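In the two complexes below, chain A is the common chain; its partner is chain B in one and chain C in the other.
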Partner chain A sequence: MKFEIYHQLGHNGTWNIDSIKNENTGEGIIISPRSMNKKNTEKIEESLRKKAIFDPLLLNPHQVNTKMATYDFYPNDVMPYGFETKQFSQYSSIIANKCIKFQDQNDFRYFVIPTRYYNDMPPVSTLTRILNEHFIDPFLTAIENLGSHKGVIIQLILNSNMIKNDEYASDLLNWITGIEGIDGVYLITELSPRDKQIGDVDFLYSLLNFVNALSQNELEVILGYLNTEALLLSIANPSIITIGSYENTRNFNSNNFIYDNEKTGQKGPTPRLYIPRLLDWIEHPYIDLMNKTDPDYIRSAAHNEYLDQVLKPGYKWHFTKPEPYKHFFIEGYKQLREISIVEDNERYCEICNIIDSATREYSQLKEAGFELGVAGSYLPKWSTAAHLFAKKQGWRK
Partner chain B sequence: MPRAKTKKVLELDEVECSDILDCYINPELIYTGGQRVVYKTNHPEYGVVALKIGQYRSSENPDGWDIERIEREIDILRGIDSQYYPKNFSFEKRTDGRYIIIEEFIDSTPLSRCMALFQTPLEILELIKNLAVGLNIVWEMDIVHRDLKPDNILIKQNRKPTIIDLGIARSLNSASITETLLGGPCSRLYAAPEQLKYDKKSIDKRTDQYNLGIILVQLLLKGTHPFDPKIVGGISIPQNIVDNKWYAQVFDSVDLSPIRPLASQLLGFQPYHRFRTYQMLIKKIDCCMEEYQ
Partner chain C sequence: MGFKSEKEMVEAIIESNYIKDLTNPGPSIIKEEVKGLFGVPDIIVVKKNSEKQISYAFEAKLTNWRRALVQAFRYKAFVNRSYVIMDHDHVAPALLQGERFSRSNIGLMSIDNTGTIYFHYHPYDESPYSPQLESKFNSMVTETMPCR
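Right after this comes the complex of A and B.
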């Protein structure tokens, strides 16, 4: 199945929107109230808003930042004494009605039913009971009362232990696929601790199987907060894959939602540039050096105005500057788009070729003298996960 | 009309019911078992009916038998008007410990005794489709049958099935599904893995799909149970169900291979391996049927 590419909006979401409009780097956006207030959400031009997915973001009801506070459905606004877990059930219908009303008024692509996040592994029966009581049942009722026939997506945020535990994952899948009246899942996963790239082969393989099981059940699967592993995960046949700018939109970290640390001006990471053929973001001092020693190397596989800007002598690298991200939107999108037009076994083979090619590329760079930190050390793990998954699908003997 | 007392029946069933039978014209005994006798008779209002007389309490057993099970079935049947289920006309629970059910009489044979009627893949698939259509009637009421087996499927002259014994069917919204209900009354030979493992949270409409899957493959195997240790080894059918060991080789033949995807999905070990929706199930059955048309 051909998948769509959406932008996970975070801080400076206008970069993403501009990129979609000007460079055609995506089919839609995922909006989060954490980074876009109500007024700005409503101001998004209609054509884009109708295709947008709205993430109500109720995963941590204690944490409502100033932008989120502009919406009227957060527990602090609805519950007279602020959020209290024990009281939440009494207010869940009010919250659901307000949230669904907002989603309906803005005519987003789907109705999204929010979720809570658990960093441990509560018994599945407990987890599902809470999610049913607090979100799924009241939201489905609110949607039904509205009489709309628009698709309904449930959001799920799962930690890596939940995904890697076969029994737990099976119980979750039995529950999800048994929910009447939904059309898909907006799935976010957290691997903690993790490096910038995912090197946990068990997690990747388990996640591929999880996504595939949902897809086999003819559910839309929207994968949020993805880094370049989006390419690998595409073999499990999701419907929508996301790309993002800042790392906190490409790597789900629950701490970001426990402590409101999305503030501009804080000390940021070393700026990086995405190199498609390496399947990774490379720190800018290496980029400068590559450009100096072999000016054609980076340009040989990517061409865009933002790349030209960052490769200009004297470019002032800073993680808050848009060019590296806009370059990624173009090149990352291009890479995913090429993959999306092939399916199943063919997609798997193509992705294996890309991974193998990246591995060779790192070797050549090493021979040329570049010691690039992790230097693609996660790539064999990606290949392994892909091969094992392919074997299970009968694509590989 | 006066009726000669059938002393034999009363002795057989230990149910004193002659006073009730006296009210009907020539009741013909068609079944005895448990605490119940069933007669075919003519009812002045409903025509030919099945008259079921049973005992839910006696002086020897003052605590009684499971009348709840009967009442549950009556409740469900009263909400259904379909060729796939017998119509319930009346239910009376008497203070003397007896109950009387008047139900549509179905002129039929249990599938367990007429499997040979369904010979070709197309005939078998047609029956499975009819059963799926019938089951969907209770699924839409958020009810799971939970005990679908050949004994509970009556085949009429026109080969259409009637599904009976909704005694352990249960609303999915009910919070009181007990362990006893889950494991006890359902037939262990046709149970889904989640039933045999007493996995209450996993029991839903897809549990009935598994039962349907066993019946499908059993019909294709000319009556042999697909989990029978005689063909797949192991110690028992229920254990083989829990071990996911069934005779999938039946689909190695070119003739039956088109049915493999349907059967494999119905017999998916986990509910999420089965069909998420009724529409998906019917689509797959129709696809299979097209192969044989």
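Right after this comes the complex of A and C.
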């Protein structure tokens, strides 16, 4: 199945929107109230808004930031004493009605039913009871009352222990596939602790199986908060894959949703540029070095107009500047789009070729004297996860 | 007997005749743990004369030469010469990888606990590979940071 590519909007979401409009780097956007207030969400151009997915973001109902506070459906606004778990059921219908009304008025692509985040592993029966009671039942009722026939997506945030535990994941799948009236899942996963790239074979393989099982059950699968592992996960046949700018839109970290600890004055990360042939974001001094030692390499590996801008003498790299991200939107989209047109076994083979080629490129860089440390060390693990999955699908002996 | 800690080793390097020779005569700067660039070198030395300035970065490691090499390679973004200095008792594995030091142009030295420095690979001078970090480094060492 050909998948679509959506932008996970975060801070400076206009960069993503401009890129989609001007450079055709995506089919849609996922809007987060954390980084876009109600007024700005409503102001999004209609054609884009109608294709957009709205994430109601109730994963941490204790917390709202100033942008979220502009919406009227958060517990702090609805519940007289703020969010309390024990009281929530009494207010869940009001919250559902307000949230669905907002989604309906803005005519987003789907109705999205929000979820809670758990960092531990409550028994599946407890987890599903809470999600049913707090979100799924009241939201489905609110949608039914509207009489709309638009698609319904449930959001699910799973931690790595949930995904990696076969029995737990299987029970969750049974529950999801038994929910009447939904068309798909907006799946977010958290691997903690993690490096910038995911090197946990068990997690990747389990996630591939989980996504594939949802897809096999004819549910649409939207994968949120993805870094370059998006490419690997595409072999599990998701419907929508996401790309993002800042790291917090490419790597789900529940700590980013605790707003009373909003950090200020922290040193930003070293700016990076995405090199598709290396399947990774490379720190800017190494980009300068590549440009110095072999300008043809860097131009052939990642050329677009934003590369020219960042390679101009005197360009001041900073993680808040748009050029590296806009460069990624073009290169990341191009890479995913090429993969999306092939399917199943062919997609698996193509991705293996890309991974193998990246591995060779890292070796060549090392031969040329680049000491990049652990860069690229996750690639053999991606290959292993892909091969295990392919074997299970019968694509590989 | 080798060093007990990297801190002890860094102190020994700074007190060594090699560093004394490097910084004399003429104006020079020695700093420890310079932050805010691309990695944190254990020691940096900037040697100036009327014609030019040469900057050095040193990464000291008791045993892990691989990590030291990667770190030293980062420092080449802003200095002219970057070195790994190993505890002399544990330098043998790094010596087997001389080619990696040579092709990345990272110097390799070792020091024993008498303060004697052993030279294994001398890098040649190169321009720092990141103009932005070179400029930031020069500002930091010459303007904002106190001399040791």
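The definition used in the following text is that the second predicted complex is superposed on the first by the 389 of 397 C-alpha atoms of A that agree within 3 Å, B and C clash if a C-alpha of one lies under 4 Å from a C-alpha of the other, contacts with A are read in each partner's own complex, and residues count from 1 in each chain.
Throughout what follows, contacts are C-beta pairs under 8 Å (C-beta built on N, C-alpha and C of every residue); 3 or more make two chains touch, one makes a residue touch a chain.
Since this is a predicted model, take the numbers as computed values, not measurements.
Asks: Quick one: name whichever of chain B and chain C touches more residues of chain A.
Replies: The partner with more contacted residues on chain A is C.
Asks: Report for A:124: first if it touches chain B alone, second if chain C alone, otherwise both or neither.
Replies: first
Asks: Look at A:168 in the shared chain and tell me whether it touches chain B only, chain C only, both, or neither; answer first, second, both or neither.
Replies: A:168 sits against neither chain B nor chain C.
Asks: Now for A:91: first (chain B), second (chain C), both, or neither, which partner does it touch?
Replies: neither
Asks: Answer with first, second, both or neither: which of chain B and chain C does A:292 touch in the superposed model?
Replies: second
Asks: Does chain B (first) or chain C (second) touch A:369, or do both, or does neither?
Replies: second
Asks: Is A:316 touching the first partner chain B, the second partner chain C, both, or neither of them?
Replies: second
Asks: Between chain B (first) and chain C (second), which does A:218 come into contact with in this model arrangement: first, second, both, or neither?
Replies: The answer is first: A:218 touches chain B but not chain C.
Asks: Can you list the residues of chain A that touch chain B in one structure and chain C in the other?
Replies: Touching chain B in the first complex and chain C in the second, no residue of chain A appears in both lists.
Asks: Show which residues of chain B lie in contact with chain A when the two form their complex.
Replies: Contact set of chain B toward chain A: 201-202, 204-206, 270-273, 276-277, 280.
Asks: In the complex, go through chain C and note every residue touching chain A.
Replies: 36, 38, 67, 69-70, 72-74, 77, 100, 103-106, 129-133
Asks: How about chain A: which of its residues touch chain B in the complex?
Replies: 124-125, 128, 170-171, 173-178, 213, 217-219
Asks: Taking the touch rule as given, give the residues of chain A at its contact with chain C in the complex, in rising order.
Replies: Its residues touching chain C are 267, 270, 283-285, 288-289, 292, 313-317, 367-373.
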